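Per-chain residue numbering starts at 1, and chain names A, B and C are given in the order in which the chains are listed.
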């Protein structure tokens, strides 16, 4: 018996891929990560199968790379050292919807669309990031700590608990989900992520599959507002927008709140790439703050009314004009926007990040809001210096935790079939990240080549992280070569 | 073993002779903690040395000396938990009260605190800036840092979550003396973000409860603060009747009486769906009597409590709700309207309470529950509101087995505080006993823990060794983790590994 | 019975180590800088230097596990008995924290470990010369100038006290003049002897009892029914500590006790003291511990603590500082034209001690000075030009601290200000 035979005996030949051409799509993703071919792709369906695969990997000292989405942007599912890709998309059940506690237990293969479609009839919604790809796993987005668009819901972690297969094959559950009899025979509903012993639910977030394979996650859902009012506030620069965001968030006003530059907003709204996109981009203001007031569960219009009044007062105090509910170039958007934002990107439509040139590389970091203008100008300078057209950069500023901090995201676009461009953009990307780190950008999610830059600097963190890795995965079979491992 | 002279000298060199002592009186003063004293700490031993570092660097050096001479050490600040009391010989008691700097970043809404900063110190600075921190129920005299890594739940968690979520970048002296920096502090000078980079090692700081110094010493931490409503918070009165007058145009209290536990739970869930309020919590009849009898002595309390027991209200539950006009005064009107509608729908009655507070913004009356005498332990669960319906039934049944000598709670409802708009909650059940009958309380605690395993509930103060085998062997993992970061087992040994504290007879093990 | 450590075992055991005692009332905390109220704990930080630490030591002493070590004596005798811990504890709980500390000092003296040499000297001075300074007893009434005319016999005996008699004549004179101005008949006594505050506060209970009996006898012979003082230490001693050591209640003593601020307040409200002169000054008032939180009448309770600490017979009171003399001096000062009264962050029952109490100034002048300068930081923080108090010991500490810190701040006793306005 060898690896192949053992693998087939666990999951069956129909769920084992070892044909080179069939494996090729798994060797790369939309990032600059150098393609690496896996030896196998395994499609397990159950926890037991996953455990057996993990034991197999330990037996043969062969790397494992977990994957749960049909699309990847950051190299997290590229097998740096080959081995087996554990594709979890067959595990795509919504295992439980606890409407009372607004807690949803999902398997890794559940996409955002699947999740939101299931929740909508119950007047619930999960907290998705900005327009995730339709094939993106909701679980993996949560694990990656992708920010939600509604700062007021950051009162607690969106992940409540999880179940993980550790790199030696043991099963562990976090928080109050670890109790005997969970979920059906326990008093606990699994809604507190504390413990046992340490906060396991936090440890695996941001781990990019290097510390274990998550088999389910309990995530929060919130009430889906039936009544909404959308506003679009134009700005010529990002800086003044942040002052408005700051005041709005301080006053606990509103639901979705995000700042997009015209490039990104046009990418989202355009129906036709090419001329239409360019036209829309010109029509839109340089920056648009998208701000939605959401009606409450009861008396929704009244909640919107007092929030709107407070919002207008803030605008007045800042010398800004009354807010507009319409956006040039996008008639009727104010009505459809809430549902658009509370869903995944529609299937069958070219993903908004790919429409311009076919691919894009995001640079995402966290920073205090009062540095947004500074970082914006800095990135434009770097781009200009490197001959990258500054009007072809997408910017997305997501306020976090009531506007305390933000995720600053800029996107560089390129043709994935043009190797010279790829080389140039990759160099620009790496150079930009280096410069941003020096300038004080915090990369809380260090993907790919950023990881080295970050971990070289974060000495004490790296040492501790390696100890954790060695503890949980002494053979370094999970995602070797990723992060600092 | 006694502490080598060389070790003492080395420690003295670090902090200076003024800040170290092995005087027997200093050691005696440092050998008992607060909460649960008299119940869990009959085996505590005075430490060998009391030392007061003034900085994170000094903490590192002390820790390294401790490792060199294989001396156990325990970090404390307010020392309001008995779990930090020494149980082995020759402990270096590291009292961190000298480290009391705080630095408020109003713009980015966080504060950097050292261990010696109390909530009252912080809250007083915040309220005058239109900001807020969430003071825990143990009182505003507790250390902000220690509380965030120990428990950190607060009544206003309805809006802003459990304590762990409010922890940002952290500086942590590991048991071997190395400094670990978490979050943005890992490679930046700033403290604004707590997670990462990559896997979140903040996970190691605590679990359901903190490690009580079992994995080293946190020397600096940024925690979130929150912008709050405008308006004056005015202190009034001479103690014991001091109170904080609240800005009435933005904050209002209501007492909502619901006819049953089930209705009360449904009511709290509904308020969560409505996303109104700043605080939603039941008020147990026990607390009401404690408040009424404060200043009149335990005799008066027990007399009145006994009289109440002749006809207690076992079913009706009072839920105290604070509504807030965070956005504007109109929000307050809106929230009141919603609250009224919900109360009516769930068969309750609502009455306004005066716009003042002693218990939540500054928790001045936090330790009131001790005045009625004896010893008490709380069974505390962080879980869902629904879980409370299970745990309460069982705790009542179990406590009846030992009542008397446990004080009779007349089957009346206990404390349920809802958090995160109803996503989760805390349940707290207090049991009292006279000093002479502490074994009954311990046996009750042990029985509750055994029941937790059966019904699938997780109280704080769980014993790693007792629960581990039922909870995916996490006790083994904690032992491994301890061995990795504290191979010499010097940091408040043996924590965070917990053996069962008592046996079925309530004897300390 | 009071000051017997064993009688206070329940109180020492009742400390739950919450640390409330180290902080100002939570509701009244106005800043991080001025959030704390226990001088020894703020300065020395060790848990030993705090009420919980001393409670733990008291328990250990009673159980025979501890002797009076140099560090314990240091912590014990640096405690000014300001009562902040006691009063703060009683916001929520019942233990007689201060009584335990006082009894611990008494135990230190009983066991020969206390008091400190400086305090022994004071006791010797009192025994020999009836005053703490050891100055001639005959000089005690030298403060009386020609324009001061006490009656030969009156209901009110002005008990001047050692500090005003010897070191702060201005306070004695101002007090006398105020009484004369308000047409209040008063007498003084040549037989006045030190009230014994420092004996009590350093645990020298036997010597203190002697002073108490002697002074009460003097009053009785004088025919006075009311003792009037301008010293907070003396006020508390007469009102609280004399009945305490004699096993009586304040109400059952053969005299009433009144402080000059109480008297002045009555007279102002009656209209017999009118302030027509203006003093344009920003002042703040410092509440002396012994006039503020520690001045409630003494009540006797003797009994046992049974289950849950229930007292038998019932103890239905808590002396928690709420009825201290806080408002009278403020009302007086506010009624002076031109005065702007500013409040310090720690006021009334939250007041920070001046550092003089319990012989700390005598034995630990550096620490006492530090304590006083901490208070002056508070004064500076509110922009006051002067600090006004109603105790010569407090005035003394602040004057010394102003000098040693080199700051520009005036220090007054309240009688001086009133006298200035009346003249």
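Just so it is clear, a contact is a pair of C-beta atoms (placed from the backbone, for glycine too) under 8 Å apart; a residue touches a chain by one contact, two chains touch by 3 or more.
These numbers come from a predicted model, not from an experiment.
Engineer: Among line, ring, star, complete and other, which best matches the way these chains touch?
Structural biologist: The chain contacts form an open line.
Engineer: Which pairing of chains gives the most C-beta pairs in contact?
Structural biologist: Greatest number of C-beta pairs in contact occurs for A-B.
Engineer: What is the distance, in whole Å, between the centres of chain A and chain B, each centre taken as the mean of its C-alpha atoms?
Structural biologist: 33
Engineer: Can you compute the centre-to-centre distance for chain B and chain C, using the mean CA position of each chain? Integer Å is fine.
Structural biologist: Centre separation, chain B to chain C: 37 Å.
Engineer: So, what's the distance in Å between the C-alpha centres of chain C and chain A?
Structural biologist: One centre to the other, that is 65 Å.
Engineer: Quick one: in the complex, what on chain A touches chain B?
Structural biologist: So the residues of chain A in touch with chain B come to 100-103, 145, 155-157, 160, 170-173, 175-176, 178-182, 185-189, 191-208, 210-211, 220, 223, 246, 249-253, 296-299, 302-303, 305-307, 309-310, 313, 366-370, 401-402, 404-405, 437, 440, 442-446, 451, 454-455, 457-458, 460-461, 463-465, 467-468, 471, 483-484.
Engineer: Across the complex, what residues on chain B touch chain A?
Structural biologist: Touching chain A from chain B are residues 107-110, 157, 159-162, 164-165, 174, 178-184, 186-190, 192-193, 195-209, 224, 226-227, 269, 272-276, 326-328, 330-331, 333-334, 337-338, 341-342, 382-387, 390-391, 419-424, 452-458, 462, 464, 467-468, 470-475, 477-478, 480-481, 484-485, 496.
Engineer: Hey, which residues of chain B end up touching chain C in the complex?
Structural biologist: Per the stated touch rule, the residues are 19, 21, 23-26, 28-35, 37, 50, 52, 78-80, 95, 97-98, 102, 117-118, 120-125, 128, 138-142, 235-244, 294-300, 302, 358, 362-368, 370-374, 407, 432, 434-436.
Engineer: Under the stated contact criterion, what part of chain C meets chain B in this complex?
Structural biologist: 13-14, 16-20, 22-32, 35, 45-48, 50, 52-54, 56-57, 60, 65-72, 75, 87-88, 90-94, 307-312, 314-316, 318, 320-322, 326, 348-349
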